[in-house]
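As written, the chains take the letters A, B, C and D, and residue 1 is the first residue of each chain.
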Amino acid sequence: MASSQRTLAILLGVGPGTGAALARAFAKTHTAVALLARNKDKLDSLVSEIQQAGGEASPFSCDVTERASVEAAFEAIRAQFPQHACTAAVFNANSPLNPAPFLELKEEDLRPNVELNLYGAFRFSQSVLPMLEAQGGFLGFSGATASVKGSAKFAAFAPSKGALRLLSQSLAREFGPKGVHVAHVVIDGIIDTERTRGMVGAPKDDDSRINAADLGEAFVYLSQQPKNCWTHEMDVRPAAESF
Amino acid sequence: MASSQRTLAILLGVGPGTGAALARAFAKTHTAVALLARNKDKLDSLVSEIQQAGGEASPFSCDVTERASVEAAFEAIRAQFPQHACTAAVFNANSPLNPAPFLELKEEDLRPNVELNLYGAFRFSQSVLPMLEAQGGFLGFSGATASVKGSAKFAAFAPSKGALRLLSQSLAREFGPKGVHVAHVVIDGIIDTERTRGMVGAPKDDDSRINAADLGEAFVYLSQQPKNCWTHEMDVRPAAESF
Amino acid sequence: MASSQRTLAILLGVGPGTGAALARAFAKTHTAVALLARNKDKLDSLVSEIQQAGGEASPFSCDVTERASVEAAFEAIRAQFPQHACTAAVFNANSPLNPAPFLELKEEDLRPNVELNLYGAFRFSQSVLPMLEAQGGFLGFSGATASVKGSAKFAAFAPSKGALRLLSQSLAREFGPKGVHVAHVVIDGIIDTERTRGMVGAPKDDDSRINAADLGEAFVYLSQQPKNCWTHEMDVRPAAESF
Amino acid sequence: MASSQRTLAILLGVGPGTGAALARAFAKTHTAVALLARNKDKLDSLVSEIQQAGGEASPFSCDVTERASVEAAFEAIRAQFPQHACTAAVFNANSPLNPAPFLELKEEDLRPNVELNLYGAFRFSQSVLPMLEAQGGFLGFSGATASVKGSAKFAAFAPSKGALRLLSQSLAREFGPKGVHVAHVVIDGIIDTERTRGMVGAPKDDDSRINAADLGEAFVYLSQQPKNCWTHEMDVRPAAESF
């Protein structure tokens, strides 16, 4: 691709924490970022912030649990950025952990996580991979401790993350030889956000929670690995985290 | 439990291969086996065979993709065996691999596997665990190579098996201390059945495909491990299988 | 092999706990057991016990950290059992955990563990595999939690067990197609022995420590798996063990 | 540490491939690099190259299979850089794969790999960790496919790499909370060097072998991860590599 090529990063799951951090990070490495959230109105201040910093960002409403919504979002993206080459995408859906004794769980506790983490990723990947295949690119997935370990009382959450992880492996093995770098990040620790502070209180120091901005840069790093030296899976955690 | 206690094994996914083998094997170690299949009429000859061999077997219709069907099957089981202690259960659902390039897959290719392998296991476990908890017991799950590795073109199958594996881990960690032994068997190889012979031809020798009867005995072994020495995950494969 | 064939199991690391249990267990499934320990005089009572129970057992001195000692032991075994077919062998060396802060460790803390767990297994395998290859057989290795996870302060122990695990994998992949079943057991918990009681006190109940006799039976089970259905790696732990 | 602090990276295993690439890469992020190789004379042209590029590099003779040699090298390093803060170190020992049928291997085929990969890493870590602990820093280890999988005929190599991996895990868990970031890179593919070209021919294209310079940058990236977002293990491979 010519160096004058305009590039686009498509980021899904743009809430106030990691998603916003991904938006800010990829806005520096790409001509434009397409930001997908259930309610695009909530993205206004982030879009403004990125544009004031000299970046280009567009918000798109996308409910990843609905195929039609995903397809509509991608049509809107292509309409808005007809000349941009999509060279990066991140699926960063965020679903609640819902820890609970197994016999108290209802199928309805599990289903939204599966719809989001597995089918959402499936739909997102089907829409974005043809764009990435055109000139090569990066597709990242946010994983969790529960992606690799099913702890007690995590039956509503861990299976959906384990499923996403195996999807990402399958895509990596199919699309790697086609020039698309698929990576899965095992986020092993609490990301410091207003939401997590509300849940578990303020961190005891700067290094005991994952900083969303730094996590965003980890994805940018992966997206920039040269084709001869790709990482498929990377764990990240605070220095003090037990593992 | 008294030695005169009548015991019951509940086996789901009783097709002509592994499921029938599980039925025959657990019929020897338990007073009775409850056999669950989508169409219980197909179980007639197996039930007869077990009874002629001196065992006790009852067929139950159960579509594990429907909660109501699962609950009805368990009500029928409890009605039929009010005095038996359920001390073993195996979830052996069998879903098609459907290998295909990812962009040719439809959500409908993935969804039945998830409904079966993940939600089916979830429903089955919610119905059977209270029975197993009563006096301790065994809950086994059939896994596959795809449970631990997402190969190219396996995006319709591997995520559902990866999800099942993490569910089994979560259950093992929650119910182990309560006396229920949860185990996951990674079946890494082709089971020799009429169906697989139809797909890939006859095996070149006796040892190159997994024998369903021997696989059934592996589950029986796990179900009989003493409480101080439980296995959570065990791989099985033919001697000649590359791994 | 003809059913009248006399069979031999060769067991290394026969101390009072797991090793003795392996001896008692394999003495029931084999015509004879060859018991290898650093000091064969310590095996006298075990040998008597097995013989009184109708088994056949012979003790051999073997310091597995010395190649010459291993070779001499195997020469003595072959001289004593010229007509027996060796169909099972277990390497159950037992080395101290030596947990310590890394900077306090000396190379001398690590070296005996490596000599025992890695080189010992290497030597034992080189001596026993030609015997097992002759008619097929089983080669088992005792692993530990530290075989799969390097915990803090386990730098003197975990590397040697991780090395043994990868050796067992390599042997499984090379010798499986030749009819030798190589298996690795991840023993995840404390085995209840006089030694461990001295270290951590009596168990709080029967099921919170691994019973050596039951662990021995787990190895026997693996050794009897039919060739179409072999397990390479199996974890064992008490029901109450956190994992 | 003050921004005016002079920093030092200590790199072991500086051959013409990855080691030289690590030297060039860390020379850009650190005030000085200490380069350790068995024969420091072979480092002359690399040292010149780094210095001409504006970096500072010093060669040290170090046979990592000899504790005295390692200690002497570190004494020389501290004498030469008394005011520098060591903030990064990489152990990149390179040992031959020696693939061979197990029964053809001699203990002498395995021993040098263990001396290098395990004991070498042990010695290097004991010398460098006290320096890294002083102000926090990075300790990286080069792993391989054989670190996580013991393939057939790799019994002389895989165990030593598996041992190194478990050592790195143990160090990560002990020293992470003390501010030292320990990381292990699973290098899954052939690094393109004169040596590997001699062994397996020229690569068919630019992306089918790992580029040493890019691999060096992967270590630099890890060394610069902020303390709230550390990776312990990362795989790297060419896009076309099967995994």
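Here is the rule we go by: a contact is a pair of C-beta atoms (placed from the backbone, for glycine too) under 8 Å apart; a residue touches a chain by one contact, two chains touch by 3 or more.
Listed by chain with UniProt protein names: A, B, C, D = Short-chain dehydrogenase/reductase SDR.
Because the structure is predicted, anything quoted here is derived from the model rather than measured.
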item	value
Touching subunit C and also subunit D, the following chains	none
Identity of the chain that, by mean CA position, is farthest from subunit D	B
Whole-Å gap between the CA centroids of subunit A and subunit D	32
Where subunit A and subunit C are represented by their mean Cα positions, the distance between them in whole Å	46
Centre-to-centre distance between subunit B and subunit A (centres being mean Cα positions), rounded to whole Å	34
Per-residue multi-chain contacts in subunit D, two or more chains	173
Category of the chain touch graph - line, ring, star, complete, other	ring
Interchain contacts, given as pairs of chains that touch	A-B, A-D, B-C, C-D
Residues on subunit C engaged by subunit B in the complex (per definition of touch)	173, 176-177, 179, 181, 192, 206-211, 214-215, 218, 221, 225-243
List of subunit D residues in touch with subunit C within their complex	67, 101-103, 105, 107, 110-111, 114, 118-119, 122-123, 125-126, 129-130, 146, 149-155, 158-175
